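Consider the two complexes below, in which chain A is the common component and chain B and chain C are the respective partners.
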Partner chain A sequence: MQELIARAKELLANGTVARVLGWKAGDLPYNPEPAYFEKEEDFKDFVYNGFCGANLSKYMIEATKLEGKTLVCLKPCDTYSFNQLIMEHRVDREKAYIIGVGCKGKLDIEKIKKQGIKGIQSISGAEITDDAETLTINTLYGDKTIPYADGMLERCHVCKGKEHKIYDEIIGESKDTKDADRFDEVSRIESMKPEEKFAFFQKELSKCIRCNACRNACPACSCRKCVFDSNKFDSSQKANVDSFEEKMFHIIRAFHVAGRCTDCGECSRVCPQGIPLHLFNRKFIKDIDEFYGEFQAGEDITVKGPLTSFTFEDVEPSVVAERG
Partner chain B sequence: MYKIAKENLPALFQRIAEGQDLILPISNGGQVNYGVWTEDADVDIETLKSVKSPKDAFFPQSENLYTCVREGKKLQITPEELQQKDFVVFGMKACDIQGVEVLDKVFLSEPVDTFYAARRQHGTIVAMACHEPEETCFCKVFGIDAAEPKADVATWLIDGELCWKPLTEKGETLTKAVADLLSDDAAADAKVENEKSAIRAIIDKLPYSDLSLEGWNGDALTEKFNSPVWEELYKPCLACGTCTFVCPTCQCYDIKDYDTGHGVQRYRCWDSCMYSDFTMMAHGNNRNSQMQRFRQRFMHKLVYFPANNDGMYSCVGCGRCVEKCPSALNIVKVIKAFQNQGGENA
Partner chain C sequence: MQRIGVFVCHCGSNIAATVDVKKVAEMALMEPGVVHAEDYQYMCSEAGQARIQEAIKEKNLTGIVVCSCSPRMHENTFRKAVERAGLNPYMVEVANIREHCSWIHKDIEEATKKAVILMRAAVAKVNLNTPLKPGESRVTKRALVIGGGIAGIQTALDIADAGYKVDIVEKTPSIGGRMSQVDKTFPTLDCSACILTPKMVEANAHENITIYTYSEVENVSGFVGDFTVDIRKKARSVDMTKCTGCGVCQEKCPSKKTPSEFNRGLNNRSAIYTPFAQAIPNVPVIDREACIKFKTGKCGLCSKVCQAGAIDYDQKDEIITEKYGAIVVATGFDMIKLDKYDEYAYSQSKDVITSLELERIMNAAGPTKGHLERMSDGKPPKEMVFIQCVGSRCSDDRGKSYCSKICCMYTAKHAMLIRDKYPDVNVTVFYIDVRTPGKNFDEFYRRAVEDYGVNYIKGQVGKVIPQSNGKLLVRGVDLIDQKQIVKEADMVVLAAAIEPNPDVRKIATMLTASIDTNNFLTEAHAKLRPVESPTAGIFLSGVCQGPKDIPETVSQAGAAAVKAIGLLAKDKLMTNPCTAHSDELLCNGCSNCANVCPYGAISYEDKEVNDHGKREVRRIAQVNSALCQGCGACTVTCPSGAMDLQGFSNRQILAEVDAICR
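What follows is the complex of A and B.
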């Protein structure tokens, strides 16, 4: 982290960048927030640790409209989102200075608390420089120790790899934390009977409170004005008037980001109700892989996505329809 | 003091639910929220905080106000019926009960919101003390005692037993209806006293318990409103409505018409000051930047509300926004930022 801070200060001082987009230490051991740093003294609060899960690519949509370059800290998986935003002309590459920051998997405080850990006073083992494989959590109700991997976000268990896909320089080591297949859960749901599938999604989506956190955190949701924010709707974009509407919101969103979603996992990370929203996107990704050959959005900005290009080998719509 | 063994709670819930609705914390898909009890509901009274606050019981996220149906040249208007059936909300914590008192100030002052008033009239609240408060809690800052909630009935879950103490007439009525399931136990008083001390001792150690509200009051309007601190604070905000929708005191709502094809269903639903169409009027929107919308939320809770309600803040320190904000922003960070970055001159 010290190397990152030193380099960021240097680039700020020599005028290469006008601001730095990173994370500021929170007031609890696990709540750092995305923040801009413009002056040397701001860096006293700069932090980069296991709780810096937020994908800062989304903030770059606005940041690259500002005057001067913005230095942004991107983790390997965040760089896929940034690439995708370049392809969609939503960020200006020339206005970004990307430091690829090392990552050994990010932590999910909700998952940690679900293990019965509460009254947290301090956490050690979440520092990025620490090679410790365990988290030691000091709480008002006693000390707890859990393996680092047991506190990791779901998306880190299906890590896309330690490679940054776009960067100006890299600081820090990364680790591939993959220990599961990202399509396992999709396959499990595919094998369900239609009524079981319906019940599964009904149960999960019935928790939705229409806070729009999934949409607002999503780097693929970059429309200036979302259709759901239109005040011309009869039905409200703020509340589930009936059980049909809540499904429509999530299904429409999944269709809209199909072929563009990099599977960064922000939707599921931010959902206050723990809805596994990534499953919708992964179903689309799995289908795209099967119909058009393997494709990873955001991996390579020179390759057109299968849904935005045409080849004679493309699958016929009837194949999709017949498969159901 | 009455008590009932924890294993007999299903029988208690069944009894309460005879002839009235029982609303209590239910686990669904790994998350605990308040919902209507059914025999197969997965009741969870151990989890300290529900994701959403229980305010839906009195002020639902979405509700119909009236329905218009057009038949030829006739227009039939049917107002939605007010709550007529009694119901019980079980398991509310002291912070959420204070949240209802905040809502009372808004909806029970003139002009009275009849929908809300009917629910308050028919609802009985059974509160639970907070057995193990968490680091995100800061109710103490607002003078709330999590060890001794004020409601129709107060309860404490101690060592596999629920101690039960009616505090109001409504509470006595409910207690009578379930009397044969409760046993009277003089020894429970001492147990409850011990539990209260234990809870208060933990609360004193919580990281936010010493948060100072100095400078936040109804007179601070101009000074706080014009502070440059907001420009920095709002930046990580993604403009989602999570903080407002999990909050026990946020009370803003929108009224809309749903076109049913042959008429209109007029309904209201919670609004969020974080949303771009918040308080949109014919001339447009009077808060057209996210900074202004962000500022609104905290000014309302810490300045405007106390100015209009004898100093009462419309934050109760439940800490749900602390837990749920996708960008890790929250009201505590806002309060602290003003202390750190310029205090009274900010």
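What follows is the complex of A and C.
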């Protein structure tokens, strides 16, 4: 972290960048938040640790419209989102200075709390420079130690790899933390009977409070004006009056990001109700992989997505009906 | 608020027998905006149209819903009718209560309920309709014909004679197609080449026709009246301007082991070859996969013997880009592969052949110089068995469900020719039915039976078993005499089903022309528009549309030409006003719409916009409405809903869905 801060300060001082987009410490040991750093003294709050899960790519849509370059700290998986935004002409690559920051898996405080850990005062082992395999949580009821992996976000267990897909320089080591298949849960749901599926999603989505956190965090959900905020469409009103509201909202959202979603997992990470929203997106990704061959959105900006390109090898639409 | 009139058609009893039309009209009056509703026996008749026009005037109607047949039938009729009454033609919506309702339901109550729902959806849509005005686009006075068989040649000749330029693109090294492989033609038994080659020569010499052989269509863009097509002219390795067609290169070529495509693999050809003697152009091509020079770098014998210096090993594929107003598909057919019909031992014995192979054997320029002999040992056959419907009229997925239509007649022809030339050969035909509709066709078949003593047996063959003595044991059944038949034959001829040329799928996709499950191109209307594709500007000629014999193919080729000429004769076309537009305040500038647009109609520009007082330069999608065909791909791709289609707006479609779900 110190190396990162030193380099950011240097680039700010020599005028390469006008501001730095990173994370500052929150009011609790586990809730850092995205922030701009424009002056040397701002950096006293700068933090980069295992709880810096937030994907800063989306902030670059507005940041690259500002005067001067913006330094942005991107983890390996965040770079996929940034690439996708480049493809969609939403960010200006020329106005970004990308530091690829090291990552050894990000932490999920809700998952940690679920292990019966309460009254958290401080956590050690979450520092990115620390190679410790364990997390030590100091609580009101004494210290608790758990394996680092047991505190990791779901998305880190299905890590896309430690490689940054776009960067100007890299600071810090990264680790591939994959130890599960990302489609296992999708396959499990696919094998359910229709009524079981419906019940599953009914139960999950009924928790939704329409806080819009998923939409606001999602780098693919970056429309200037969301269809749910516009009076030009009847979808917004419908979503509000109908008991079908939440399902409608999430299903429409999944369709809107299909083929563009990089599976960054921000939707599920920010959901205050713990809804596994990423499952919708993964179902689409799995289908796209099966129908058109494996495709990872944001991996390569020279490759058009299968849903927005056409080849003679493309499957016929009937494949969906045939497969059931 | 619109003032809507709803007109419910009885269509005689077509609709009224299954749908309570009075109830539909009654229910319509309860819909928002509806101020007039009536039912009438034939809405499309003069009287029916007059009723609509009167109602428009009397009740100041602003929108019309006609509940009748498919809009593909009469939408235009009603648009014109309301236009004459002073209404914008795009203020009409058709609720299809015939094909989508009365024809597919039996229960009146159910059908009426559905008709009401369809009416409601149309009313909901028309409530949001706005007047639209079509634009104009130009017509390029040149036609493209894909395929140089008899269908393509005839279409090209007819268009060219009318004074328009035509290009023929043919995949193989020569025009002529399947007809050039046929020996004699039914029902007159004249020689196929004798009647075909004059047409080939005429096409070649015609000042309005350009022939691209050994060429393929690579890409198609644009739309009716203004297509842009890339044609890949494959490297012939022979300079067409220099070659004199002397044929020495083919004689001297040492690589002579490639199965001849023209002779269906019954003999071999050289690596440098013209498919047949009367080929047009009479310029050989080098098959680079078979050529020793291309494989090893050594040889070059053809180049050494060529007096004209026409051999060019460095020739490259050439892409020709040309604009066309109309495109005619004439891609023809091939025989099906017989690997799923191994009970007939086609792969096991050289003496089991297809009918097209028999054509080549009986042809004087064929592998046996026209002598009927067994391909295994060159001996003349004494017993020949013909098996009909191999893969045609097939109820399982091994073959085709359709009748290939030509087999009954060509088998009668084969049988008759053999009995005429070799009276000592016994000919037996196993058939399901003998189908001979066509001028002088049944007489022709009767002659085969009555005058030439061909033995027709109604029944199918279960198995053909090659014997150690070289003969073929045919086990079949005679359904009329109700007995099993076991017969030793010297040759067995299979009337294999015909299927559209496999390449047609790729071509149809490029043309956005629809295709059926058997890969036949679909016509715009099975009865009334049989030579037009539903895609405007695309016409169908020959077997690519369905099985046909030569006279039918030639008639259809002429009909396709007339349709193409009708288009080329126009100076301007009215464009469809249902085009896409982007809302610049909603557009993200993401390019997804441009990526999916099949017509290249979307571009982007940096434009200053005023977003509720906030001024900024944004990347905004722009639609070229002359190029846009209103397919709607952009509107479903656009995540922010900025793209919308006039006449089929997102709002209108959702209103229809809402009305249906109400």
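Keep in mind that, in the parts below, the second predicted complex is superposed on the first by the 311 of 324 C-alpha atoms of A that agree within 3 Å, B and C clash if a C-alpha of one lies under 4 Å from a C-alpha of the other, contacts with A are read in each partner's own complex, and residues count from 1 in each chain.
By our rule, contacts are C-beta pairs under 8 Å (C-beta built on N, C-alpha and C of every residue); 3 or more make two chains touch, one makes a residue touch a chain.
All values derive from a computational prediction rather than experimental measurement.
**Q** After lining both complexes up on chain A, report clash or fit for chain B versus chain C.
**A** Fit - chain B and chain C, as placed by superposing on chain A, sit side by side.
**Q** Kindly classify A:Thr302 by the partners it touches after superposition: chain B alone (first), chain C alone (second), both, or neither?
**A** Once the two structures are laid over each other on A, A:Thr302 reaches no partner at all.
**Q** Once the two complexes are aligned on chain A, which partner has more residues of chain A within touching range, chain B or chain C?
**A** Comparing chain B with chain C, the partner touching more chain A residues is B.
**Q** Calculate the angle at chain A, using C-alpha centres, between the directions toward chain B and chain C; round to the nearest 10 degrees.
**A** Computed from the C-alpha centres, it is 120 degrees.
**Q** According to the stated criteria, A:Ala54 is in contact with first (chain B), second (chain C), both, or neither; which is it?
**A** first
**Q** Just to be sure I read the superposition right, which of the two partners does A:His256 touch: chain B = first, chain C = second, or both, or neither?
**A** Touch partner of A:His256: chain C, not chain B.
**Q** Under the stated touch criterion, which partner chain does A:Asn14 make contact with: chain B (first), chain C (second), both, or neither?
**A** neither
**Q** On the overlay, how many Å separate the closest CA atoms of chain B and chain C?
**A** Superposed on chain A, the two chains' closest C-alpha atoms are separated by 7 Å.
**Q** Going by the contact definition given at the top, which residues of chain A touch chain B in one complex and chain C in the other?
**A** Common interface on chain A, chain B vs chain C: 225, 234-235.
**Q** Using the touch definition from the top, list the residues of chain A that touch chain B in their complex.
**A** Residue positions touching the partner: 26-28, 31-36, 54, 58-59, 110, 114, 118-121, 140-141, 203-204, 206-207, 209-213, 215-217, 225, 229, 231, 234-236, 238-241, 269-270, 272-275.
**Q** Of all residues in chain A, which touch chain C in the complex?
**A** For this pair, the touching residues of chain A are 87-90, 222-227, 230, 232-235, 256-257, 260, 304, 307-310, 312.
**Q** In the complex of these two chains, what residues of chain B are touching chain A?
**A** Touching chain A: residues 28-31, 33, 48, 51-52, 61-62, 132-136, 202, 205-207, 235-236, 238-242, 244-246, 254, 256-259, 267, 269-272, 275-277, 280, 322-324, 326-329, 332-333, 336 of chain B.
**Q** Please name which positions on chain C make contact with chain A in the complex.
**A** Going through chain C, the ones touching chain A are 506, 509, 583, 585-592, 595-596, 598, 604, 611, 619, 637, 639-641, 650-651, 654-655, 658.
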